Each structure stands twice: as C-alpha cells, then as structure tokens.
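You will see chain A twice below: alongside chain B first, and alongside chain C after that.
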Partner chain A sequence: MSVSYPLLKKKLLLIASSGQFAKFTSQQLLDTYSELNQFLLSYTSKLDSIELFNLYELNFYLAILTKNESDAKLTLDRLTDQFGTNSQRIKILQSIYQESIGNLKAAGDYLTENPDELQLSRRLTTLSRDGKYISNLIYYINLQPGDLIAWSELSSEYAKIGDYKKAIFCLKEIILVDKVAYPIHYKIGLYYYYIYLQEKETTRLKKEKLIELVTELKHARDYFLYCIEINEGYGKAWVGLNQILNLDIHNKAKEVNDKDIKKITEDNERIKGIVNDKVKLYI
Partner chain B sequence: MKQYIYLVGLLLLLHSGYSSFEYHKFGIEISLDIKLESLIGVLLIIIGSIINIENESFLTIDNKVIKNKAKYLKFIKMSDAVQLGESLGVTDYEEYNTRLPFINI
Partner chain C sequence: MFTPDLLLDLQLKYWVLLPISLAMVLVGLLRSNITYLLQPNPKLQPYKQVRESQFLFKAKQFRENNDILTTEEFEMRKNYYIKTLKSDEFYASKPNVAKTDEFSPLDPTQNEALMSMAKSNLLNYIPQTLIMGWVNYFFAGFVIMKLPFALTDGFKAMLQNGIDTPNLNVRYVSSISWYFVNLFGLKPIYSLIMGNDEAEELIKQQNQNQMPQLSGPGQPKIDKIFNNEAENIQILTHESTFDKIIERFIEKYQ
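Entry: the complex of A and B
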C-alpha cells in the first residue's frame, strides 16, 4: 500500500521526536529502517534542513539498533560535517557509535571531555549497567534533580529489583513537576498494587498487617482514579481499578473495627458499580 | 472542493473590483449587486480559509490512517485531547516511557 508523502513524513518525524523507536520490536525496527531509507531516497530534496537532520539522526539510531554500523558511520559523518563536533548531541551520537562497535574506552572519552556538559554526564551513567548503575543515576540526579527522564529511569531500575517503594518515590518526583502525566499516575498505582502482592500473606492476617495492606490498595486505587480523572479513556487504569476492588481482602477488612478502614471500604463499594460497567469496554 | 471556494471568492472580488472601477470612470454610483458581489466574495474567502485549517490525519507505526476527531483545533477537555496520542501509540508523555538518553545499545 502506498502512503502519502505528508503522512509518512509526519509519522517519521513523530517517531524521531518521541524516541518511540527505543521500545520497538526487532521487526518494527527493520520495517521503520527500510521505510526511512526509502523515504530519504525519494524525498530528501523536499524536506527543510531541520526535518532532514532530525531524520538523519533517526536513521543513525535505527542503523545502530539494526546492527548496520557502516550506515550509522555514514550518517554520523554527515551530521558531524554539518554541525561540527562541539555539540553535546553530536558527542552523544559519536559515543553511542563507539559503544556499538565495542570500543567502550573511546565511548567514555567523548562523554568525559567536559564535566559541565550534563547531557554527557547523563549518558555516562549508562556505561556501567552492572551493580553500580543505580548509584551512578543517583549521583547524576544529585547534579541535575530537574531531569525527569532520569527519575523515570531510576524508577524503572528500582522496579526491576522489586524495590517498589523507591520506584514510587521517583515517579512522585515526576508528577511534582508534570502533574497531568497520567501514565505516571497509572504506574504509581500499579507499583502500589505490586507492593500489596509482595507483602500479602496466604496465612491468617493480623489486624495491623491487614490495615497496612488495605492502605496500600487505597493508594493504588487513588492513583488509578487520578489517571482516569485526567484521561477517562485509559483502559489499563480501569482494569487495574477493577482488579483491586474485587480482591478478597476487602471482605476481610469489613470485619475490622477501624474508622479509616471502614471509610476505605465504603468508598470502594461506592465506585464498584461504575467500575464494573466501565471495565467491560476494555476487557 | 475547499480550494474552489477560495477561487470563486477571489473571482467574485476581482469582478466586483473591476466593475466598480468602470462605474467610477463614468461617475455613476455603484449599484447594490456589485456591493453584494464584493461582500459575498470576501465571505467566501474567509470561509475557505477557515475550512482549509482543518486538522490532518496521522499514520500509526503499522501505517494505519488515524483520523483526528477534532475537526479544526485540539479538544479543550484533556481527556478528549489525549485520545489521538493513545490511538497513535505516542502520548505526550512518551519520553518517560522510552527514555532515549538511556538507551541500551
């Protein structure tokens, strides 16, 4: 199927600006790489210079991710010819190229030339993805606490090792600045639910433990609700909400004589009907 | 179709302009139909320009065309405005998910 030039251009530029290709499957990477090459062959003369060099940068990343180092080098040379080697963005591309061909020392050298260039420091943290990665990220965040993508990366690293409380702390730092980032609200809700799963016991629960677990679920419920308040059509949040409201633990909680727990279970009952109706649209 | 509205509006405006020039040459007062013609011409040009700012469609990764439900501008209600990104699979908060600066090569 042939696709019109303006639509394809818009799609490729959106992929380049969002960095969406970083989460592509191998097939999606190959398809996009060949589509971009075809597009550049046919329409280079029609593009303005900003669009063209953004697409060259995308081509560089796709070539690296599909193991086409020679094409990556060619594209990198085009970019360095145009912009020189002083820009942080170019230095990062040069470092990524060296990393992809296994030359970690040269990759590190590009990133350590000037400690004031924080984008390079950020990339430098990724050169040791072993046990030191989290401490490197914390060191960088101490230098640049306003870097929300770094907080997101740190959160994802904590989640990988199952430390959901710290992961939630990092995500809350993001919503302090970006209050309407609804996928982050959803993620916080999800991590609270994971904390519940980690801590629940199959044996008979003591009252204190039960209160603690119900409170964790209350936090999960509240963050799913924040997410839905911003984006009513976010199916995953409705499904998450349905999941936590139908847990057996709420029936046990009804037997507990505690004012706060009573309030939580009453609120849960109040929204259950709406959630049951809505979730049918997404399951 | 949209371009024709522009064209018709422009032709009407040119014609009314030329007619009024001819009327002036002979010192006759401009008639009502010429005034109306120029007014309709201007209105058609305005309508044509508003119709032409209509939002365009987008392509998903799999090259499916997604029509923008908001015809002219973005929706004011955020819940509606973010649905286009959700259908495309690229939300305004994608960078927190993709984290390109930390990409593992």
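Entry: the complex of A and C
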C-alpha cells in the first residue's frame, strides 16, 4: 500500500523530532530505514532544507541502529559538509559514529573539548556506563539541575539496583517541573508498589511495619489516581490501581486500630467498585 | 469629470516595470544571503551561568508545583532550597567581585548585540535607499502600468505617489508606487523561490525593528534574586493535591 507524500513526510519528520525510533523493535527499525531511504531517493528535491537535513539526521541514527555504518558515514559526511564540525549536534553524531565502530577514545575526545557544550557533557556522562555511572550522573545533575532527562536516567539506574526510594525522589524532581507528565506519576506509583513488594518479602508483618506498608500503598494509589486524573485513558494506571486495591494487606490493616490506616482502608473501599468496573476495559 | 485613457508605451513594461521588479527580487535574495553570512556564530552560555539559572528555575518550579509532594517531602525540599539559595553554591560568579554597574560601550559582550543589530539594519536600509534613489533618478514621474481592475479613490495616494495628476484614473500606477508595492508584497515570490520558511525569515529580517536583549545596567544582582526566592519559599504553605483526590475521583466516576 502506498502512502501519500505529505503523510509519509509528516510521519518521518515526527519520528525524527520525537526520537521515537529509540523505542522501535528491530523490524520497525529496518522498515523505517528502508522507507526513509526510498523517500529520500524520490522526494529530496521537494523538501525544504530544514526538513531534508532533519531527515538526513534520522537516516544517520537509523543506519547506526541497523548496523549500516557505511551509510551512516556517508550521511555524516553530508551533514558535516553542510554544517561544518563546530556544532554540538554534529559532534554528537560524530561521537556516536566513532562509538559504533568501536573507537571509544575518539568518541570521548569529541565530547570533552569545551565544558560549555552541555549536550556533549550529557553524552559524555552516558558514554561511560561503567560501575561509576550513578555517581557520574549525580555529578552531571549537580552541574545541570534542570536536565529532566538526566533525572529520569538516574531514576532508572536507581530502580535497576532496587533503590526505589531514591528512584522516586528523582522522578519527583521531574514532576515538580512538569506537573502533568502522567507517565512519570504512573512510574512513581509503580515504584511505591515495588517498595511494598520488596519490604513485604523481607520482614514479618508487625503493626508498625504494616502501617508503613499501607502508607506506601496509599502513596502508590494516590499517584495512580493523579495519573488517571490527568489522562483517563492511561490503561496501565487503572490496572495498577486495581492491583493495589485488591491486595490482601488491606484486610489485615482493617484490624489495626489506627486513625490514619482506617481512613486509608475506608477510602480504598469507596473507590474499589468503580475501579473494578473501569479496569475491565483495559485487561 | 471624464478623463480619456492614457496610452502607455509598451516599452515601459520592458524597460521600467520589469527591471524594477527584478531588481527588487534580486536585491532581496542577495540581502538574505549576505545577512546569513554576516550573522555571528551563536555563542554558548558558560555552563556555570546555565547551572545558576537552572537552579533558580527549579526553585521557582518548586514554589509553583509543590502540591504534588507529601508534607515530609515538601518540608525537606523547602529547607534545602532556603539553605542553598542563601549560600553561594550555585552562583556563576561570586557577587562580591566588584563589577561596574555602568553601561560600557567598550564591553565586547554588550557591543556584539549592538553591532549585529546595526549590521542588519544597515543591510536593510542601504539597498532600499539605493533602489529608491535609482527609481527616483531614472524613472521619476513615470506612469508605468495600468491595473486590470477598478479601485476606489482612496488608493490614489498609494498608487500614484510622485506624480501630480489629481484627475488621473486610480488604475494607473507610478514608478515609485510600484517600488513600494514590491517592497511590501514580494513575500509570495520569495516563497516560490526559497520555500516558505526561508521566505518568512527574509520578511522578518526586512521588518525587524526589535532591540537586541542587552544586559545593561540596572539588572538586579544574582544574590538579591536568590535571596528573594529564598524569602518566597520561606513563606510557602503546603497543601497537597492528594488530600481530596478520593473525593474528586468519586465525584467524577460515580
């Protein structure tokens, strides 16, 4: 089936600007790569220069991801011919190319020339994913406290080693700036749930521990609810909410004589019916 | 009063109308390219300054969006921001270093913005003045075309600039008026030649009158800004958005 030129152009430019290709499967990558090559062969003359070079940049990334280094080099040369080698964006591409051909030292050299080139500093931080990655990220975040992508990366790294409290702290730094980032709210809810799972397994449930766990679950519930408040159609949040409300721990919590815990379990009961009905749409 | 039609020599079209239009288009394109070449390379902000402004931005965002935190988290962050804003940890440069508050014409950082403004203005005015001089010198008082549609008398001042004929039909256009029509109406032609975005850029260059942002005297010092922000955070009270979230949820879905 052939897609019309404006639609295809819009799609490819959107992929280029959003960076969605980073999440593509290998088949999607190959398909998009061949589609883009075909498109560039047929329509180069119709594109204005900004669109054309954005698509060349996309072509470079897709070539790297599909292991076509020679095409990547060709595209990179085209971009450097046009823009020179002083731009940060070009330096990142050069560094990625060097990394892809296994020349890590040269890849690093491109990134360390000038400390004011902040995009390169970030790339340098992510280039060295050795044992010190978390401390590198913290160092970088201290230099650039407003870099939300770095905060998100740090949060993922903490989550990987099971330190969910710190992961949540990082995610909250993101929502403090971007309050309506509902996937982040969902993730916070999820990590609170993971804390519950972690601690449930490691300790015997005494009263204080039970109160602590129910409070963690309350936070998870609240963040899922807030996520739904922003985007009602975000199925994952409904499923997470349903999962939390149906945990057995709430039955045990009913026996605890504590004002706050009573309020939490009552609230859970009040919304349980609605959530049970709604979640059927998503599972 | 009835005025008979003027008979325009066909040669006017080839030797006046088209040359003026062509000169305007070519000069426009040339100016666009020269402006591009003369543009200074954008300079990067020093990373310490970015760090300072990002921290301040985060403090402001904390003030705005703290309702998505729990009370303990709010208190913890509030104390952190007050403490850090009052220290010099995030300053790009130490504020006690004596800086002259006066606007210095020799300061290269301030000069650069002024120079780029002067260059773009010169590039705007010189070609326009030259073409206008050329049209006025060679074709002063020429009636060069007749519009193929009727117009009201209100357009007389616009279309018959430079010729003193009160009774002439408004459809006749003088050479200097044609120059002005070209000056303001060439965007579609540029779009055709250069593509939409670049044409818009060119028109923007032509019409730009805005002042560059100058960091002149009178700007508050960073320690004062940080202290103000610390005071703002000091008086914050916390109200969590989660307090009533169950009620809002039930109200919406029940």
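By our rule, the second predicted complex is superposed on the first by the 279 of 283 C-alpha atoms of A that agree within 3 Å, B and C clash if a C-alpha of one lies under 4 Å from a C-alpha of the other, contacts with A are read in each partner's own complex, and residues count from 1 in each chain.
Rule of thumb we're sticking to: a residue touches a chain if its C-beta (ideal position, glycine included) is under 8 Å from a C-beta of that chain, and two chains touch if they have at least 3 such contacts.
All of these numbers come straight from a predicted model, not from anything done at the bench.
Aligning the two structures on chain A places chain B and chain C next to each other without any clash. Once chain A of one complex is fitted onto chain A of the other, the partner contacts of A:49 are limited to chain C, with no touch recorded for chain B. Contacts of A:10 after superposition on the shared chain: chain B is touched, whereas chain C is not. When both complexes are overlaid on chain A, the residue A:174 reaches chain B alone and has no touch with chain C.
Touched residues of chain A, counted separately for chain B and chain C, are more numerous for B.
Of the two partner chains placed around the shared chain by superposition, chain C is the only one that A:121 touches, whereas chain B remains out of contact. Legend: residue contacts after superposition of the two complexes on their common chain; A:86 is shown touching chain C, with no touch to chain B. Looking at the shared chain after the overlay, A:104 reaches neither chain B nor chain C. Contacts of A:182 after superposition: chain B is touched, whereas chain C is not reached.
After superposing the two complexes on their shared chain, the closest approach between C-alpha atoms of chain B and chain C is 8 Å.
Within the complex, the chain A residues that touch chain C are 48-50, 86, 114-118, 121, 143-147, 172-173, 175-177, 179, 185, 219, 222, 225-226, 228-229, 267, 270-271, 274, 278. Per the touch definition, chain B reaches chain A in the complex via residues 56-61, 63, 65, 78-79, 82-83, 86, 88-91, 93-105. Chain A makes touch with chain B in their complex at residues 1, 3, 6-8, 10-11, 14-15, 18-24, 28, 32, 61, 64-65, 92, 96, 99-100, 119, 122-123, 125-126, 129, 148-150, 152-153, 156, 174, 178, 180-184, 230-234. Every residue of chain C that touches chain A in the complex is listed here, in rising order: 41, 44-47, 50-51, 54-55, 57-58, 61-62, 65-66, 68-70, 73, 195-198, 241-242, 245-246, 248-250, 253-254.
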